[in-house]
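The following blocks contain the structures, represented as structure tokens.
Across the two complexes that follow, chain A remains constant while its partner is chain B and subsequently chain C.
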Partner chain A sequence: MAKVKEYGNAELEEKLRDTSYYTDDSNPQFLEDVKKISRTAANMCFQCGTCTGSCPSAPRSSYRIRLFMRKGVLGLEKEALNDPDLWLCTTCYSCTDRCPRDLAPTDVIMAMRNLAFKFDIVPRNFLKTVQLIYNSGHGVPNNDVNRAARVKLGLPADPPTTHSYPEFIPGIQKIMDFYKMKENADRILSEGEH
Partner chain B sequence: MVETKNEPRIGVFLCHCGTNIAGSINIEEVKNYAKTLDGVVIADEYQYMCSTPGQSKIIDAINENNLNGVVVAACSPRLHEPTFRMATQEGGLNQFRFEMANIRDQNSWVHMHDLEGATEKAKDQVLIAVAKARMLEDLQPKSVPVEHAALVLGAGVGGMQAALDLANAGIKTYLVEKLPTIGGRMSQLDKTFPTLDCSQCILTPKMVDVGRHPLIELRTYTEVEKVEGYIGNFTITLRHKARGVLDPDQAAARAAATGILGTGCNGCGDCDAVCPVIKPNPFEMGMAPRKAIYIYHAQVMPLQYTIDFDACVKCGLCVDACGSEKNAIDLEAVDTFEEIKVGTCILAIGFDLIPIEEKREWGYKQYDNVITGLEFERLICASGPTVGHLIRPSDGKTPMKIGFVLCAGSRDNTGGVNKAYCSRFCCMYSLKHAHQIMEKIPGAVPYLFYMDIRSFGKMYEEFYYRIQNEGAKFIRGRVANILEDPITKNLIVNTEDTLLGRPVAMEMDMVVLAAAVQPKPEAEHIRQMFGVSKSQDGWLLEAHPKLNPCGTTTAGIYLAGVCQGPKDIPDTVAQAEGAASAASIPIHMGEVQLEPYFAMCMEDLCAGCGMCLNQCPYGALDLIEKNGRTVMEVTEAKCKGCGTCGGFCPGGAIKMQHFTSPQICAQIDAFLLKGGVN
Partner chain C sequence: MAGNMRQYAFFLGCIAPNRYPGCEAAAIKTSAKLGIELLPLKGAGCCPAPGAFGAIDLKVWYALAARNIVLAEEMKMDITLICNGCYKSIWEVNHILKHNDELRDGVNEVLAEVDMEFKGSIDVWHLIELYYDKKVCGVEKVRDSVVRPLTGTKIAAHYGCHLLKPKKERHFGDTDNPMWFEELIEALGAESVQYRNKMQCCGAGGGVRGYDLTHSLDITNEKLINLEEVGADALTEVCPFCQLQYDRGQVEIEEKFGKKYGLPVLHYNELLGLAQGMTPQELALDLHAIDCTPFLEKIR
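Moving on to the complex of A and B:
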């Protein structure tokens, strides 16, 4: 546990905060959960960096897939799940293609997102995507600019998806209701508004 | 010898093997069970049965209880059967009145978390062993004389060292090399870490020693065709590939046999000058040409040309150039065969690089300026294709920023061409390469992309320090991919600097891949001919990783160098000297003992039908006339005790000693019917 010293000054206390890693910062169950959900031997990461080196997000952000692997190994649950970078993976699977330990870092990220959702830790844009899918069947629904572009290319204005066949939207909603996705998204979004 | 009466009197001894066995088997329970078995007069246990006090228990028990059979339940017979046989013998019994139950490798190690189940299984194992022990017989090992000669296969630095040691110990040694010259990989290297001595300068004197040693029979451009026999008496058929060029000895032999005169090849190279066929030279990794009649390089041993008959157009120009005085060339040459007899063999067939082009993300064979470590060695070597000027294959310019990709295909569990193991010398040779470019090209900077720098040998860590101090840059990250700038042909190396926690994209003039190593493709065939196993990773398997690293599970066959697993030159030479020493022991002893597990003909049952003769894979059986009857006879030295004939004989006339039908039936009965349980 981090050692706390009373300086009687909040700013100073934050500045001189003990940032050492203590063994009781670790939740070993976190690694087990990640392994179970991701179905990859996340404990076998040897921190070579191939994943971050392959990651198209990394050069443009502070997202480091290798660090998430590390936090998984060490059981640093809170740090991993509260890190907004968790949501910057594009799921391109480049890291999974190249990992020399034959791991699936992408699936580790997905597992951590799953676990974060249980703590209601989800960025607003993801929740809004949930609402959009619920209402239209699309994460990114068609819009006028796209429609015009499609027509110019000789395509129908709407693609042959729920946009053309709205009768399938209730089916999608049924699946999402089963997992309480919309319900939870609505709830978290509204709580955030207080 | 203790009088062995017919009544079985068996002693059972259980080993704890520290906690290896006792940790998952209830020894006390098994011991008490053993005491209840038919014929068992004493059951005892000890922490380490193989130790002196453990063995003393066996010896004392034999004498005190007048035992005629000993059962030890412990580790594998491969490890300690000889130990316990000696103890049995010291107690005054015939050494074959011993039976072992493997309750460790086959029980406690596999059922580590099932105490009850493992204990029950151990009881069964003891029951079965006791069933056999009740029926053991005295057997006498057979001594056979050992041929005073050895074979060393492969003439890299490992094979050469082994051959020199054997020959210096007074043993005639056949050194067989499939290429036209000896020297192996080491002759392709420029300098050697960590001392940086010139590879050729330390290797060529050895090559010359090999060439002129009176006890070394050098056979280059030769492969093994067939292996027969067993320790002490191997008969090996060699195939001398058609070389098309006679050395002085062969020319003299030809003159004697046919009257055709000529002094043979003196290495002048007149033929080379006129040959019109040009091929890539594999010694230079294909970066320089050779002719259809060629030598690999100027320091070859023997200095004798070779014709590549796959490329030769038989124009005859070389024959004219060679001239009637030397008359060394024979365009009609064919393969010839030779049979040699040796007592022991050492395999030293070396290694290859993996086909690193199959790692598409690193661009080898797609991008001109991505090369392998071996190509680097030839490019930086003063006697190489560029006389030691490192140049970019794309434009011949001198590279100033050179990336080294370590663990290229090593330490990679993804299968395919990748290898899970560490190739062990690439860290060190990449450091050496870094030094070489800083030494030769003023201002050039090496960048080493690494996961760990493994500089474990004597003076190796110091070498790492030195190269860092000279200015080499180290980036801790495994290379994710390499891209080529199509115009400049420069290379962009992508990875993460894991210490900085930032992605890096570095532009390099050239990239050298420290490609993983793998066994030679023909190693599989060679090992099957010599009866050697391979380990999970594909390299030839030693008899014991710690206690017998040069031997194999086939008596009389030894291993040296990288063919047993990646190792650098110091380790290769050390293992070669170990293998030579081990291979010389049976030869100096003059005879070896064979285990008496031979088939035996029970002549009164044998009908002389001869049907077993064709069954024997070793040709050990014959029909003979004896007392007016035709019966089968076993040549014990040829019999390997495989049991094929014993199982086959329709009259049940063949007895497999130490594995007799009654013994095996008793074991099966004991297990299935609990025979022998009181």
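Moving on to the complex of A and C:
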């Protein structure tokens, strides 16, 4: 955009043509997608760093949530989505509670993760959860040790969830199939095995 | 008696019924003594996990959470639950869909495939907020239900994240240093202790426990250092996933970092069960990775 707009200022226009001031990798649509999914005005971030300062993951890794906020504004889609640190947010919402611009950086991260999944970028453990829920209705299913313990407590061996009423599982599968979620998870997992 | 009971659909989630069934048993029995009857929400599934599942596709997260909510709408009953993660999914999706027509229409389009419709006709509560709420129960009533006070013990509170935060979308007020959970702990006859950075995350959420266990445990370890510093006899929380992270996490921390804490971790309903006279066997405390005996022996 900077390259086509004229400002009537030769010095400024020369600067704007200097590629060290901008990158062709920028995708403005990225910011719009992030804003839509996160339902927060991510473009309002003024880079104060309160989010990174509040973050329990920051002191023990290279994860900087402020950086992701900036990459969103600059439309640096590939850089943001390919960064493995994107998956180190525990979603504790401390940054969101403290943001002086009243934004939700946590939801920006969640939106970027959603967008990464569209490019098949997603850690395996997330996909395993998808498969477990698809097959049993539960992300953490029952097991034999636990069944025995439940019976001792006077509870039914399986809880009154999809475990006792498996007839509800096809409904869950239909909802997930509507978005092709299981199909995509299976495909990404099997491609990773080659 | 039955006429005075308030009835709720009890949303179990995954980790309480499938890893710490004592939490489920305790919630049902302790609530009955406080005038709250918990009825099974038949056919419910995973909330689904807000971090691990919502991270992949929020639209599916909305739809699956809505399915659970609709099951309770069909019972014409409010939902109550005992897990912060479930609260994030069930409470928040209920709230969002009640106020966002576009998302609600999208969800109902999917739910139509399984002959369901989100109507927005019920509310969702964490059991702990019902206990604290004077209109339903209140701290006094909790105190009156105690037959075996936990006198002589020092208990620290872990509020967790998704019950209170983000505060602008919740109704719990202060998230820097809330004290209402401590009131509920002291109602059981125990002493509540303050510790550094008590509002910090347990480290498990957002799929991080599965993605990078060492990173996740390092956050937990920081909390355990702060808890050790003040000599807490036990840690209590209202989230079975936090419980799993602190309880089994201590075993993993010993393996990975060589540090042993031996800090018993109990869900508030398990503590309440003990104070109301339930035995450790009735609470399946033997399923905890960290032995609760040192804590039980402290009770005078």
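Definition applied: the second predicted complex is superposed on the first by the 146 of 194 C-alpha atoms of A that agree within 3 Å, B and C clash if a C-alpha of one lies under 4 Å from a C-alpha of the other, contacts with A are read in each partner's own complex, and residues count from 1 in each chain.
The criterion applied here is as follows: a contact is a pair of C-beta atoms (placed from the backbone, for glycine too) under 8 Å apart; a residue touches a chain by one contact, two chains touch by 3 or more.
None of the values given here were measured: they were computed from a predicted structure.
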item: Contacts of A:F178 with chain B and chain C, given as first, second, both or neither; value: second
item: Touching partner for A:D102 - first (chain B), second (chain C), both, neither; value: both
item: Which of chain B and chain C A:G53 touches, first, second, both or neither; value: first
item: Which superposed partner A:R64 touches (first chain B, second chain C, both, neither); value: first
item: Touched partner set for A:N9, first chain B, second chain C, both or neither; value: neither
item: First, second, both or neither for A:F117, with chain B first and chain C second; value: second
item: Per-residue touch tally on chain A - higher for chain B or for chain C; value: C
item: Shared chain A contacts, counted only where both chain B and chain C touch the same residue; value: 94, 102
item: Sites on chain C touched by chain A in the complex; value: 12, 14-15, 17-19, 21-22, 24-25, 40-46, 48-60, 63-64, 67, 110-111, 113-114, 116, 161-162, 165-168, 175, 199-201, 203-208, 210-212, 215-216, 218-219, 222, 281-282, 284, 287
item: Contact set on chain A toward chain B in their complex; value: 46-55, 58-59, 64, 66-67, 94, 98-102
item: Complex interface listing, chain A residues touching chain C; value: 37, 56-57, 60-61, 87-94, 96-97, 102, 104, 106, 110-111, 113-114, 117, 122-123, 125-130, 133, 137-143, 146, 149-150, 152-155, 159-165, 167-169, 171-172, 174-176, 178-179, 181, 185
item: Of chain B, residues touching chain A in the complex; value: 361, 407, 411-415, 418, 451, 476-481, 494-498, 501, 503-505
